[in-house]
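Residue numbering begins at 1 within each chain, and the chains themselves are lettered A, B, C, D, E and F in the order written.
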Amino acid sequence: MDKFTHFNEEGRAKMVEVGNKLNTNREAVARGSIYMMPETLTKIIDQNISKGDVLSVSQVAGIMAAKKTSDLIPMCHNITLTGADIHFNIDKENSKIDIKATVRTTGKTGVEIEALSAVSVAALTIYDMCKAVDRGMKITEVRLVKKTGGKSGDYINEES
Amino acid sequence: MDKFTHFNEEGRAKMVEVGNKLNTNREAVARGSIYMMPETLTKIIDQNISKGDVLSVSQVAGIMAAKKTSDLIPMCHNITLTGADIHFNIDKENSKIDIKATVRTTGKTGVEIEALSAVSVAALTIYDMCKAVDRGMKITEVRLVKKTGGKSGDYINEES
Amino acid sequence: MDKFTHFNEEGRAKMVEVGNKLNTNREAVARGSIYMMPETLTKIIDQNISKGDVLSVSQVAGIMAAKKTSDLIPMCHNITLTGADIHFNIDKENSKIDIKATVRTTGKTGVEIEALSAVSVAALTIYDMCKAVDRGMKITEVRLVKKTGGKSGDYINEES
Amino acid sequence: MDKFTHFNEEGRAKMVEVGNKLNTNREAVARGSIYMMPETLTKIIDQNISKGDVLSVSQVAGIMAAKKTSDLIPMCHNITLTGADIHFNIDKENSKIDIKATVRTTGKTGVEIEALSAVSVAALTIYDMCKAVDRGMKITEVRLVKKTGGKSGDYINEES
Amino acid sequence: MDKFTHFNEEGRAKMVEVGNKLNTNREAVARGSIYMMPETLTKIIDQNISKGDVLSVSQVAGIMAAKKTSDLIPMCHNITLTGADIHFNIDKENSKIDIKATVRTTGKTGVEIEALSAVSVAALTIYDMCKAVDRGMKITEVRLVKKTGGKSGDYINEES
Amino acid sequence: MDKFTHFNEEGRAKMVEVGNKLNTNREAVARGSIYMMPETLTKIIDQNISKGDVLSVSQVAGIMAAKKTSDLIPMCHNITLTGADIHFNIDKENSKIDIKATVRTTGKTGVEIEALSAVSVAALTIYDMCKAVDRGMKITEVRLVKKTGGKSGDYINEES
């Protein structure tokens, strides 16, 4: 197993040097879910029909979070993203909403953490919008499912 | 079940008016976990002995995220926090780290979402620092466990 | 006419001292319009029926901008807002969308500039979302229409 | 007329993928005006002679806003700007100040919205600095007047 | 000597709880200097006569930094400031500019770090604006000179 | 001596155009020191042994500040950094901590101001964490010691 790369010779955290990495097409896809009471999910679905629904606010928040990632995560490089998208899957059977974020760049680092941040903030936004009716919602299974581009090669974990 | 409060008469999202709420002592506690390979956890524990460990970076990121919450979550009020703290529990048996964030204010809104954001960003930071050795880490069970203060009363869900 | 208050004895800009002002209920309402081609307006109305419409993104951006105002406007105090809301009026006859923002605080300064920032950023977001089909859109008549609370008294200019 | 490009197949907003666009020299010029009482304009002109005048604060705010645009406008890409400048024209006859912002990049997207944001925030800053003496100021005619570079070709609308 | 207060029982940094502190008038004054070549100082003085001089940009940057302090300094509370001002003293004899920042709040924590941040960022801005002609400038003697209000009592160190 | 480059023909500040500059490897190294009472330094050294020490919080703050520089310094370009690191030297003899920041980019502008910002914010963070026991700490000798890459050539001032 490789060593952690984010530490300098004094054992302190650093933002690792990526100047020699290639500018190349990179994509990351992350997923996560938020569980809630069936009544809460029903309300979200009902709102969904109207204009300013919970999920469109969550969508905007998630995409903005992808852009803010390097301001949130201390050792994450500030890079320019070329695209970001979020999809929701309403899973009535399990009373949850699945969130999937796809982020792309043509820069020198992968965008795994940007995709994971987008999923997390989208989920937190759903929590915030619905907490008055359901404080017991749970954000879970936030994980990377795909990563392409870059020297470390592709990573596919769709079944996780 | 109450109606969603974050929508105006046109059905669009708004930041709800809290001008009539009392300034009072409010606290929220949130928890979450990040699962990883046993080798990754061992490396974190080993680093832990040295100065600039993964968890102290995560700690700083989580506390800063609590302060940034209203910039991340669209309909969340910008309030002044009176304190924020994060604790970690290393669970070798289940190969995970448990994160607990406590946030306090004396303002007009609860700080549930601030505590949840702190947990999420602390977990994302652990992911970021360790991703070079373990891309399969999973952030899970992010939930509110306690909320005190404010008109809606206390909420305790420690066993969740 | 009073003197400008934002300058110190050297003639340089300062953030004026408001420590002696009262914490009181304050509200500001601002309005503005964005003109566009009739075809663009029709497209917005059509999208409006679906979930993630132009106006709901604009709504979120405007509310977030109200919270960010003190970070944008150099001499503006950073205060906590108690509420923010945005309404749209689609004016087919004049091929424009009217935007109205209402912002409230219980703090020591008025929120005129927060309401005006919300209108401006909501309008800029409409421009951004539609610019691929209409680069000639024009943001216009951004002005304060109402201000209540605070020592300087109420200001009503609804017909402006 | 082309379709809106900022929506995914679910009808939700996304940050469109620009990874295949070329890095090329791009420029955008935006204009706008702020109307005020003649006395207010006279005061600004008088202050202008001293060091920390209204317009130099507005200038700084406008340039900083150009850099912050992707944090304000939800679906706007975060790109690196290569330059930004703002010019003022004092129009005594019409009792207004005209603002012109020029923004440049060598990146993958145009900078129209950055130029428009710079004009808007520069105007809002003038409002903020002068509002104690003139609450009736009006920001108007904020529009793109020129755009060069990029596949969609040049756009010139100087007379608008 | 008292113990450090910013650490929790695990020895990790926290944002200390100030909920029991009083809302009271608090002020902090900080000073610092930036040394440069005599020619650089002459150029700043000459520019000073014109409108958009180095020092007015520095002034704006310093005041905005005071407001941003809690976003820069990890364990610093986010509080609302009631005022901020910066003064410059041009010291030709020693070829330096002295910067003095005064910050006030009516909140629960002192604003020492806000005043020190304002001085530091004002000095950094002078460096940035002049670095093309003088890379050897030095920022020095950044220190607190006065603090009033709050339980810990007043602190005066004007001769430091 | 060259003219200041940050001013337009009206004498107002601008963000200078760098579109014609080359993307090339650039590095800047800055240094600074914070003086304190011997007892304060001893406490920092003692804390150092435990996990969440003062210096690791300072380290994180300095690196995050490097990334935030263009948001703090008005005319500074927003560029992507390829790496950032901070080192501390504990100087018991002089009762001070020396801070050294190294920042790199492959972009179109140097990163001198990013390195200086990292040093300043790292020092301010030490002040913040220790101010309860020592208000007389002084930040001093913040200066550029090395700059390589770019058309203006290398700059070495290690003895300053």
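Keep this in mind: contacts are C-beta pairs under 8 Å (C-beta built on N, C-alpha and C of every residue); 3 or more make two chains touch, one makes a residue touch a chain.
Which protein is which chain? UniProt says A, B, C, D, E, F = Cyclic pyranopterin monophosphate synthase.
What you see is a predicted model; the values in this text were computed from it and never measured.
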- prompt: What are the chains that subunit A and subunit E both touch?
  reply: B, C, D, F
Statement: Per the touch definition, the chains contacting both subunit E and subunit F are B, D
- prompt: Quick one: how far do you have to rotate subunit B to sit on subunit D, C-alpha fit, nearest 5 degrees?
  reply: 180
Message: Among the chains here, which has the CA centroid at the largest distance from subunit E's centroid?
response: A
Message: Among A-F, C-D or E-F, which pair gives essentially the same interface as A-D, with more than half of the residue-number contact pairs in common?
response: A-F
- request: Can you check how far apart subunit B and subunit C are, centre to centre, with Cα atoms defining each centre and the answer in Å?
  value: 31
- prompt: Just curious, how far off is subunit F from subunit C if you go by their C-alpha centres, in Å?
  reply: 37
Task: Scan subunit F for residues touching two or more other chains and write them down.
output: 8, 10, 12-13, 51-53, 55-57, 59-61, 64, 68, 71, 74-75, 80
Query: Mind giving me all the chain pairs that touch?
result: A-B, A-C, A-D, A-F, B-C, B-E, B-F, C-D, C-E, D-E, D-F, E-F
- prompt: Inside the complex, what are the residues of subunit C that reach subunit A?
  reply: 48, 51-53, 55-57, 59-61, 64
Subunit C contact footprint on subunit E (complex, rising order): 25, 55-56, 59-60, 63-64, 66-68, 80-88, 104-106
Statement: Listed in rising order, the residues of subunit A that touch subunit F in the complex are 8, 10, 12-19, 21, 70-71, 74-75, 77-80, 107-108
Message: With touch defined as at the start, can you tell me which subunit E residues reach subunit F in the complex?
response: 1-8, 10-13, 32, 39-40, 43, 47, 50-54, 57, 60-61, 64-65, 68, 71-76, 112-113, 116-117, 120-121, 123-125, 127-133, 135-144, 147, 152, 155, 157, 160
